[in-house]
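Below you'll find the structures, each written out as structure tokens.
Two complexes follow with chain A in common, the first pairing it with chain B and the second with chain C.
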Partner chain A sequence: MNHRSPVFRLAASFFVFVLVALGLPGSARAFVKDVANFTLKNGMQVVVIPDHRAPVVTHMVWYKVGAADEPVGQAGIAHFLEHLMFKGTPANPNGAFSKYVASVGGQENAFTSSDYTAYFQRVAKEHLADMMRLEADRMENLVLTKDVVDPERDVIMEERRSRTDNNPSAQLSEALEATLWFEHPYGRPVIGWMNEMEKLSLEDAISYYDRYYTPNNAILIVAGDVNADEVKQLAEETYGKLERRAEPPPRLRPEEPVHRTHRMVRLESPLVTQPSLTRSYVVPSYTTADRKGLAGEAEALDLFAELLAGGSTSALYQKLVVEEKVAVSIGGYYRGTALDDGELVFFATPAPETTLEQLEAAIDREMAAFLKSEITEETLARVKRSVIATSVYAQDSQQTLARVFGTALTTGRSVEDVLGWTDRIRAVTADQILSVGLKYLDKNQSATGYLLPAPEASRS
Partner chain B sequence: MNHRSPVFRLAASFFVFVLVALGLPGSARAFVKDVANFTLKNGMQVVVIPDHRAPVVTHMVWYKVGAADEPVGQAGIAHFLEHLMFKGTPANPNGAFSKYVASVGGQENAFTSSDYTAYFQRVAKEHLADMMRLEADRMENLVLTKDVVDPERDVIMEERRSRTDNNPSAQLSEALEATLWFEHPYGRPVIGWMNEMEKLSLEDAISYYDRYYTPNNAILIVAGDVNADEVKQLAEETYGKLERRAEPPPRLRPEEPVHRTHRMVRLESPLVTQPSLTRSYVVPSYTTADRKGLAGEAEALDLFAELLAGGSTSALYQKLVVEEKVAVSIGGYYRGTALDDGELVFFATPAPETTLEQLEAAIDREMAAFLKSEITEETLARVKRSVIATSVYAQDSQQTLARVFGTALTTGRSVEDVLGWTDRIRAVTADQILSVGLKYLDKNQSATGYLLPAPEASRS
Partner chain C sequence: MNQSSQVSTMPVRTLSLHALALSLLAFVIALMPRAASAVEIQRFTTPGGINVWLVEENTVPLITMNFAWRGGAAQDPGGKSGVASFLTTMMDEGAGDMNSTAYQEREEALAMRMSFSAGRDSFFGEFRTLVETRDEAFEMLRLAVNEPRFDDDAFARMREQILTGLRDSETDPQTILGRTWGDAVFGNHPYGRPVAGTVDTVSAISIDDLRTYRARNFARDNLFIGVVGAIDQKTLAGFVDKVFGGLPLSAQLAKIPDAIIPDKPFLRTAELDVPQTVIQFGRPGLLRDDPDFIPAYVLNYILGGGSFSSRLYEEVREKRGLAYSVYSYLYPLDHAALYVGGLATRAERAQEAIDIVREEIARMAKDGPTDEELASAKAYLKGSYALRFDTGDKIASQLVQLQLEDLGYDYFDKRNGMIEAVKMEDIRRAAKRLLDKGDVFVIAVGRPTIKTDG
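Entry: the complex of A and B
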């Protein structure tokens, strides 16, 4: 069903790229005024983002739980719950919520990542109260029975088959993440491993729902043609009546050991027509940079990724696509929004006469050259403008705006962090950018994936 | 301290090789008669292996717990407990057990693997009763306090530093296992990851000890100049008086997802003088072959490994070392003794003018050629004689003999399985050997490691 959207860490590169770009904790200053932030008595956080351009609202509930919080052996349960939430409650059975949204011409969606699970609707403002009533209802009263769970398990397994198992690029991404992370569950795909998905039981679903779907683990975000007082009153009448059903455990995931090897993953398949290369480095996220006292490093990484590989003006693109013509495309981004560490990701497609080995050697060489180069004041100013502008443009979408706050708040950041981002980006120096590059572009902290056409259906 | 021996999955290749060869569930028929096997009332299993060649006994206690059973985030706790067991009890404080063994001219040792933890002493037969008394005492009465635990944590951390962190070959092995296994804890080093070891607490140690060090989770093995009745009486007077302190949980580890990529790990270090290559494939162990209804596959894998890469008569050695001279050494073995899946492991050192890439391509080519070749009756007979003889020779050591039963019983096998091994090896056909080769020599089920000298102290 189309309202069950991205399983983030899973999706193909392009898709991830788009989402990450949108998900950055960008400055909301250009549009956003008077963001309100308060907490209900039962511990549910509320963020209100006034946006009076049209009489619509985006209503979202974010849970501070994702695939990286799943019990061992139950990979996929977070995303499974996302599906089950569309089933029904005694008061609103058989997908009544979705039917209602459709009947008033609204849109709805849900998504699961490693760090969060979120549900949202975009409707005309007069339907906001109903959205809150229905969302609050399924937070507490979801019906989970064998009749509900068993057929939906087939649905998620089929989703995995079509999105991942039949897609060499997705298979490679999955294996790349699994080799990049030895201990941390970011190495586990959000959709789950098939062998664990097929064993997900009714009891697993109930236990996960009871543990995590409780108001003190949730964040309500309302963006749109509303003010904080209205939202507060409605929230108290709906979500405010829910009981704290559980105290979710601290989100302490296993940490990575020191890595001293470069890892490679290689997939050859007859389904691949165009070879490509991906390289991921583990680096601090916005959250872990703060946690480790590395203030400013995440902002510098954002600019570093943009300068080195963000778009057609970047150093790698100019050198390897435009000048040397060894690649037909190249790009990269910083995945900085995460409760635990983030990633620097690069991807490239070789020119027809270039092998992946040659392309990789050229990328390594140009990365090293970039780290020895100078960043002029003019370049620095340009890249800051570009990064800030991307964030500002993204806010033109009410949904994206709400999402920026949702991802921040479920990954250990605050509303203030989001609002202060532009100023922190402006303060980054050229030295800081090259320093984080030198510090983190260490091949032993990375994994490289090769995706190759298979000359024949051979197994070795 | 030298009685704290191998952390198996960790050790450098050569070492693993030796242990695995000894640890094979070899036939014990040549020497072993009248192996007795019974269970005490508290659930402790007992195996008695009469060996009257000399008036000595080997006394072992094996616990059905190892590093693959550790709680998430506590990598290293199994091996840590092994260390702590040498500290003391109220009745025998300050290493009194070890002092006693030394005073009577005995030997002692202990070892931890992914699947088991074992303690043993070799003493003159008149000291057997004391060994049993002392071992039973520390199964129930180990003193675990902050004073004991804190300094010993420094010892295991130092052990990791010297054995792994300063050893590129060990670092590579560790990373290779971690990329070979995505979900199964066989990907985690037995000694632990430093970042988790440094957090192992007194509470962790107590909880692990209380959960697993209980007679119903232990196996007593006595080999030597004894008979079953004597041992039974002594065991009832010592171990038989211990209470079942806990019911250890079922040993259900996360299973691997389907793998569709070949993984590579590369480590360059100035400490490496000689490049080398290792390739590991996940294959059934003796235990999982049975569990999955693949009778005979483990035995066929044992012979397959021997034919392809076991010693200087093997196909790979003859072709690549003797004939083409692209390698100066090459070898391989089947790690078939495991509660969950096993591995087929190959390793090679290139000739001076050969790169690892060239050597790997040559190995792939020769593996493919071997799978298309024919195994003559004569070759088959020779390799069976050789594999059986290795196992028979190993039994010349009383300790190895006891160890064969200990590894079998802690990894889901029985005394009968061990005793019947020779006959099952004799029954394997040439077709079965080539079939398991074709089935399991799939590069997507493998990881390859390159160990290389670093030309300079460079980071990328």
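Entry: the complex of A and C
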């Protein structure tokens, strides 16, 4: 979750983009040509990404469940359970798993999003079997007591204070999301609302665990100095022995009703010294574009966002920052990796003499102008090349590759979708890009947030 | 896009169990892992006389070149802190006959990656290119290094972006913490100034200041280069000479005095109406070339360095739920050494958290770690070294860091042996030197709920 102010969002959005971007030009298929993909008898999916440059592996288990699958009134339980998964099992009590990882020089962490929850360790390759044994153990044997749950609840509440409650920009983002989505749980913060977090219980956590943490709802991803056969054998000896503990229901989240209003959210705070604005539109994700028979729209949206606002060569930056100087910075990105709909997000900081209203009007005007403009072959080729190169650079990191596949597979995409991405980007035409822009830059499908100093705040 | 302090790598919509980013001061200590057996470092001098460290790696069709000029933000002129940082933003704002837009469009067309950042003691560059367009990409880098334009409009644009960022962070607890810390710990020493500058100092910076900094700092005798990727020595030597060979032989660096770090406990607070108090603590540390640095590094791992296993983690987070992130680290600079730690907790328990930190440090200072803790720490530190060698990016940055720290080419091979050799008596000696009686100074930003100064 990005908790920086809008001024600094570019880097974060780039990372998100890397997660989507894979699928490689012929000469660059160095590792991913060997990606293997199979399913264990109990339904657990496995992906192996060989990378033999260093004798290390990244071992990840992804669950197809996230904050958007939480019961109403328990916002934050997915993330809370993620923390509690480190507490122990009868065979490995009191954080024994983490102690073991540290004892072999391994690194570990876990993360939760709206659509997935994942756990990983990075270790020397000879410890892979132990990681699989321990991760399999906590998939079915987690034990929680009040003694460990109570302090951990305080920890996630501190985490919320660090990310959000100390930071007006994060508070505005949270409110913007909650306003953008009427009914879909993407409007709910992954960390949770404080008033609901306070009440999250041991029973809530276990009930969520028992419902979703089962091999048939999990994906194993191993990247590193391994081959598919050895991983398959180890997986059968560890995860393969687990029973299906549950049959998680289909992931049918509430659908958004028709949106007929442009929504505005304002946050004025003495903690704000620099005004800025953000606007988000609901658009199809890669997954929903396919689901709705809109093949190619997500790829076009990726390029649309890049051309319009993707960096200092983009149309909005060139016009409003470089030429007119009404904005100090401006950017945007397409959040296309999601099980349900995605978002187009734009953010901008006004020049000192410009108001947010004036800046917003200028952005609307330039968006409209862009939709009437012509995208030259040269510009399109340049942007495609740069976008596609992300997938070559991604190969430098086994961790990045593992995350690319994990994110795709937990949001309704397949290994083949990932591998075919560059070819589909190449096929996008300028007409398609302008068409998705015309179709989805509808203000009634968007919400705009203003971050403003409190009226009484004075700046020296 | 160039300032590393502004980069967030947390993906949108994702939370992590453990905070990845530490405070503004958290410059990762480069305790170098030994090269994995597959990694062979080639050291050579180009025909132009420039030293290069190369790891040839042909699996991925990429070339990564990291480089650093010793100097960094410490070389900012007095009253104009932020010059080095400002210069990082100008490096892709036009060079040769290309203005800003033309240069950046060309970068994009080549799909090259180039970024610069200012550290306290060095000015860093990172350059990445696909093999197929390497000739053109190196030429772009040559232009940026040798023929930057510093056009008026680009200067004004970057200046406004920096000022906007600085204004935006004026009420950010971490920023206030960093400034209060700089003032309280370093006083008038250059290390006490914010790397990015302040609204006042950046407003005072002119194009000539950037030119002067560049002329004094971009030279050959303070340049360190590490390369990883699909390129051989001879070819690389040609590119390196082309990019850097035209720079002056010698940098003209101002002499930076050694800073005296306070060794008495004190409390400095800054008031801000936020629900969570942000706390940083510290005391004098050990320089990187100190013979006790390695034992102190092991000691700190046990006290506050381990992600899920340190004493501070156990006492502050795991048992009491007082913080999401709590940590400590050794922070050796070229002209100062610190031991630094931090946490953030709700205002009403800030005092309690500080008291616990002080107790734990004092306890470690007095009794040292247990044999079991020492064994675990050594096992972790030895075992994790290979993880620092699994991407070209990481290796390239370590090749540079190792040269900057001047620890010797064979340090990669010796490092784990040095960890293994640490005995309890070394730890006790290091604890005495690093922690003494365990006094720390504390800087806190938040509501006024903290009273005692230890």
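One rule holds in what follows: the second predicted complex is superposed on the first by the 424 of 460 C-alpha atoms of A that agree within 3 Å, B and C clash if a C-alpha of one lies under 4 Å from a C-alpha of the other, contacts with A are read in each partner's own complex, and residues count from 1 in each chain.
Everything that follows uses one rule, which is that a contact is a pair of C-beta atoms (placed from the backbone, for glycine too) under 8 Å apart; a residue touches a chain by one contact, two chains touch by 3 or more.
Predicted model, so just to flag it, every value in this text is computed and none were measured.
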item	value
Dominant contact partner of chain A by residue count, chain C or chain B	C
Which superposed partner A:44 touches (first chain B, second chain C, both, neither)	neither
Partner chain(s) touched by A:303 [first = chain B, second = chain C, both, neither]	neither
Contacts of A:313 with chain B and chain C, given as first, second, both or neither	second
Partner chain(s) touched by A:368 [first = chain B, second = chain C, both, neither]	first
Contacts of A:442 with chain B and chain C, given as first, second, both or neither	first
Which superposed partner A:196 touches (first chain B, second chain C, both, neither)	first
Chain B and chain C footprints on chain A, overlapping residues	165, 459
Residues on chain A engaged by chain C in the complex (per definition of touch)	1-5, 7-8, 10-13, 15-16, 19, 27-28, 30-31, 51-56, 79, 82-83, 86, 95, 98-99, 101-115, 122-124, 150-159, 161-163, 165-167, 190-191, 224, 270-274, 276, 311-313, 318, 321-322, 325, 328-329, 335, 349, 351-352, 381-383, 385-386, 388-389, 392-393, 395-399, 459
Of all residues in chain B, those that touch chain A in their complex	72-73, 75, 165, 168, 171-172, 175, 178-179, 182-183, 187-188, 193-196, 252, 254-267, 364, 367-368, 441-444, 449, 459-460
Of chain C, residues touching chain A in the complex	1, 6-20, 36-39, 57, 59-62, 64, 100-101, 104-105, 108-109, 111, 113, 128, 130, 132, 153, 157, 160-161, 164-165, 167-173, 272-276, 278, 306-309, 317-325, 344-346, 376, 379-387, 389-393
